[in-house]
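Going by the order they are written in, the chains are A, B, C and D; count residues from 1 in each one.
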Amino acid sequence: MEKAVILVQCPDQKGIVARISEFVFRYNGNIIQADQYTTDPENGQYFMRLSFCFDPDKVPPAHLEKEFDILARSMDATWRIHYDSVTMRMGILVSRQDHCLADLLYLWRSGELPVEIPCVISNHPDAREIVEQYGVPFYHVPVSRDSREAAEKRILDLTSESTDFLVLARYMQILTGGFLEGYGKDVINIHHSFLPSFKGANPYRQAYERGVKVIGATAHYVTVNLDEGPIIDQVVERVSHRYDVQRLMRKGKNLEKLALANAVQAHIEHRIIRYRNKTVVFD
Amino acid sequence: MEKAVILVQCPDQKGIVARISEFVFRYNGNIIQADQYTTDPENGQYFMRLSFCFDPDKVPPAHLEKEFDILARSMDATWRIHYDSVTMRMGILVSRQDHCLADLLYLWRSGELPVEIPCVISNHPDAREIVEQYGVPFYHVPVSRDSREAAEKRILDLTSESTDFLVLARYMQILTGGFLEGYGKDVINIHHSFLPSFKGANPYRQAYERGVKVIGATAHYVTVNLDEGPIIDQVVERVSHRYDVQRLMRKGKNLEKLALANAVQAHIEHRIIRYRNKTVVFD
Amino acid sequence: MEKAVILVQCPDQKGIVARISEFVFRYNGNIIQADQYTTDPENGQYFMRLSFCFDPDKVPPAHLEKEFDILARSMDATWRIHYDSVTMRMGILVSRQDHCLADLLYLWRSGELPVEIPCVISNHPDAREIVEQYGVPFYHVPVSRDSREAAEKRILDLTSESTDFLVLARYMQILTGGFLEGYGKDVINIHHSFLPSFKGANPYRQAYERGVKVIGATAHYVTVNLDEGPIIDQVVERVSHRYDVQRLMRKGKNLEKLALANAVQAHIEHRIIRYRNKTVVFD
Amino acid sequence: MEKAVILVQCPDQKGIVARISEFVFRYNGNIIQADQYTTDPENGQYFMRLSFCFDPDKVPPAHLEKEFDILARSMDATWRIHYDSVTMRMGILVSRQDHCLADLLYLWRSGELPVEIPCVISNHPDAREIVEQYGVPFYHVPVSRDSREAAEKRILDLTSESTDFLVLARYMQILTGGFLEGYGKDVINIHHSFLPSFKGANPYRQAYERGVKVIGATAHYVTVNLDEGPIIDQVVERVSHRYDVQRLMRKGKNLEKLALANAVQAHIEHRIIRYRNKTVVFD
């Protein structure tokens, strides 16, 4: 038996659930979980995540997909399918701060993040040791003002074939629109503030100056607009006037690790649908 | 158009979603939201909350229910239906502490809790003024060791016909198994601790003595086993050694109000299914 | 015995604690609690909150204050003293949304907010009933574009003598710099977002549009810069894509009530020192 | 200049702050931070944490301690002093689950936990690789019912001289009263539940069976009464009916890491005073 997840998005209309669940039933599949969400009962968008089992010997995936596409077209739906037997391949970019990197590598090795990690790329050499200890290839791709283009080309060469998505685990370089277009797949970033507060550089210093009583971290998909992409997860914690910038950063690291790990987990379990610069994250 | 919610529970089996959604489709209904949960992919229990619209002029509710019952039997399912046009009637029991009572009355008057409140009953006279200010009938039913039986009979007389469920908004008397059986409908309690910690009397003092660093409040359905019923919601907050019992109580009141309001809201929106001394609470 | 709180702020220097505590000791006072905070061990600002008892028959307050002032000058300190026997007088301004108002009135009547409430003022007549039920004078002061000046003058007349501080409990009019200067005492506002995110109008709609996964409320002192004043407290909670604007507002109301009540509590217990558009809030 | 922390506990009495701060002042020391807490204004216990700088060339530590002891005796106080120049030595015990161990090692290497780690001891060989990668000595000390006594003797040999405190980072063996007495210093444990709920084995399964809506982790000092020692920190998070035992465990691991790291941080910064099976944790 193969396990698969279908993500569907279409204009809300009568009979969607009936037709999709009947489809699975017809191919003798068994629905494990079906989550759905409609933006608005009247005239809204409909989102579905359907997790089901089927027998690929009796129903070849290619056939299933072809048939589902016919159904989807009749509902004006966009859709994607993911098979449990296919492991997602995650590329990681990182700069000097390695707490998120170390957390992802640990979760990966302990089996909690069932992905492949074909490469870790950094604009600094510092992380080489920790990465190679885990047996993961490390590439040092320095970036300066003049070398940005070449660096992005190098990163693209390293990742475009070998990875299914990228994670910026405190990568402090801005990826250009050209790179994002060239890569063409999802890129997840962790921003060390509670967005939309404190975009840009030094968010902990900004938070300190403003005197906030709660700090946060935000995992989001990267778009060309810096720190403006669809938010996947946010984690927050109380602080007090006693927190100077250093202590805010120390506490913030835990929030960053948590928000990023949550986001990656949801992404590889195909629980996220992007929609109008927002996300539907099925729990 | 009438809006209705069906809650279904049955052994997990192939085709449930297909059959139920096809049922709605057949009667020209429109699914607004469908939530489901299976305890365990193999051999588990299946739970569904289906919110849908239909035209009662074309499909009389009685007919709908009769037909659905046939379908339900074929799946070995238990089920309930609730119509949006029928307002739930909530009875409240309270003792001296009136913060949860005041919160419920305020939410009710501001339209956020769309229920009827046929009566508030207390073993103390203190709450009369606030209750009657809201135009709600107040009954003082004192309870002493000797009068418990008579008191419960009086409460039963006041509530068994006029209410659909009861809320113990800091009612400090224990309801007997006899009462619960006689009432036969749901009773929601707020316990002023993070259950299962600190059952019984004086939980804030117990929390203080144990030196916990987080306190909580728990809303749960009442069963004959005191503080052991199915948990609906829990709300918690950090405290420090600086909190004496008084201050724990003061902070705790906010948690109690929040947990109880959340639980009542979920209950009247028919988002809860009780199962094996636990709850499925659809969000 | 009288209980008092002294709040002190001065450049950090050797011997502050020794000198202040010696001062209390000399007048036979007893320190109940002493909290302090230094922004920065070298060259920083020092803040102290000292709660102590003394015998006003033996040490008249006027004498105590005169002597303390001499000490304070020698340390280049600003300071304030508050006596427990003097009850703070809180004026409330409100518009249509009355949840924060209702919460403050309830806390006041139940004895948890030991203040006097000389008046509630609103630019709408809606809240009159609830306010007068509590036996508090209600004033309807409508505000239109043309009447702003007159309205602010009227509010000033009602509050400048009778109150020690004002609370904007969802008062949706902007107070001018002229008013703030004329009033000259603290004004606390509740903003219905997690500042600095979503300043200005309709923060819940802004939060919905941005797709945040956590919402919040912020209590702060009012300054001429809208939503930019020193933050006193922030309360946050997780939300998901399932929350439409209405539901965000409903959940947000609880956060607003909590943040505002916390802020007022800290204010009347003289636990707050304002400093460079930030606050030191002793716990 | 040397930096030191003094922790003081004594019956509340007049003039404590004055006398202690005067003491520091007399030796030309500079108070960096002074935190205090009194259990109860009348007849309570007084706790103080005093962080200060002094010049050890002018005031030898031995002299300072001798003089302070005289002062302490006069107030019937117990006290301890810690010098910043002396690094705390932390021994770690672990079983199979290595997430807390990995977190502590990472924090240590990144400089956030300024301790020495003379040894990691485990009753299983599994953690050897990760520990030795960090350059820390690893000792495998198997424990069976018959070998407990020998094993505890071996652990005592390894730790009694070389460590200042022990951390049980998911060490699933019970340490006997004999061991604790023999070691005679602080032992910190992480329990994977929100104590006092779910003591003993399999707390996540217990939490699942009870159907709680919030889970937690508790860091506490170990005493002879299992899971009953003074609580240092607790971290909690919301869960829903969708969480099976596996997923509770996965989420719980983050809470365990956080609670334990917080507790160790507070311990090595000498911010904790134990008192009557509770803790005062200065922030």
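One rule holds in what follows: a contact is a pair of C-beta atoms (placed from the backbone, for glycine too) under 8 Å apart; a residue touches a chain by one contact, two chains touch by 3 or more.
This structure is a prediction, so every number in the text was calculated from the model and none was measured.
Between A-D and the choices C-D, B-D or B-C, the pair with more than half the same contact pairs by residue number is B-C. Two chain pairs, A-B and A-C, are compared here, and A-C has more C-beta pairs in contact (counted per touch definition above).
With each centre defined as the average position of its C-alpha atoms, the distance from chain A to chain B rounds to 37 Å.
Chain geometry summary: the mean Cα position of chain A and that of chain C are 41 Å apart.
Across the assembly, chain B contributes 37, 238, 240, 242, 283 as residues in contact with two or more other chains. Taken together, the chain C residues at the contact with chain B in this complex read 98-99, 102, 106, 110, 112, 133, 240, 242, 250, 254, 258, 261, 283.
Within the complex formed with chain D, the residues of chain C that make contact are 14-18, 21-22, 24-25, 28, 30-38, 41, 53, 238, 283.
Chain B meets chain D in the complex at residues 37, 40, 194-198, 210-214, 216, 230-236, 238, 240-242, 244, 277-281, 283.
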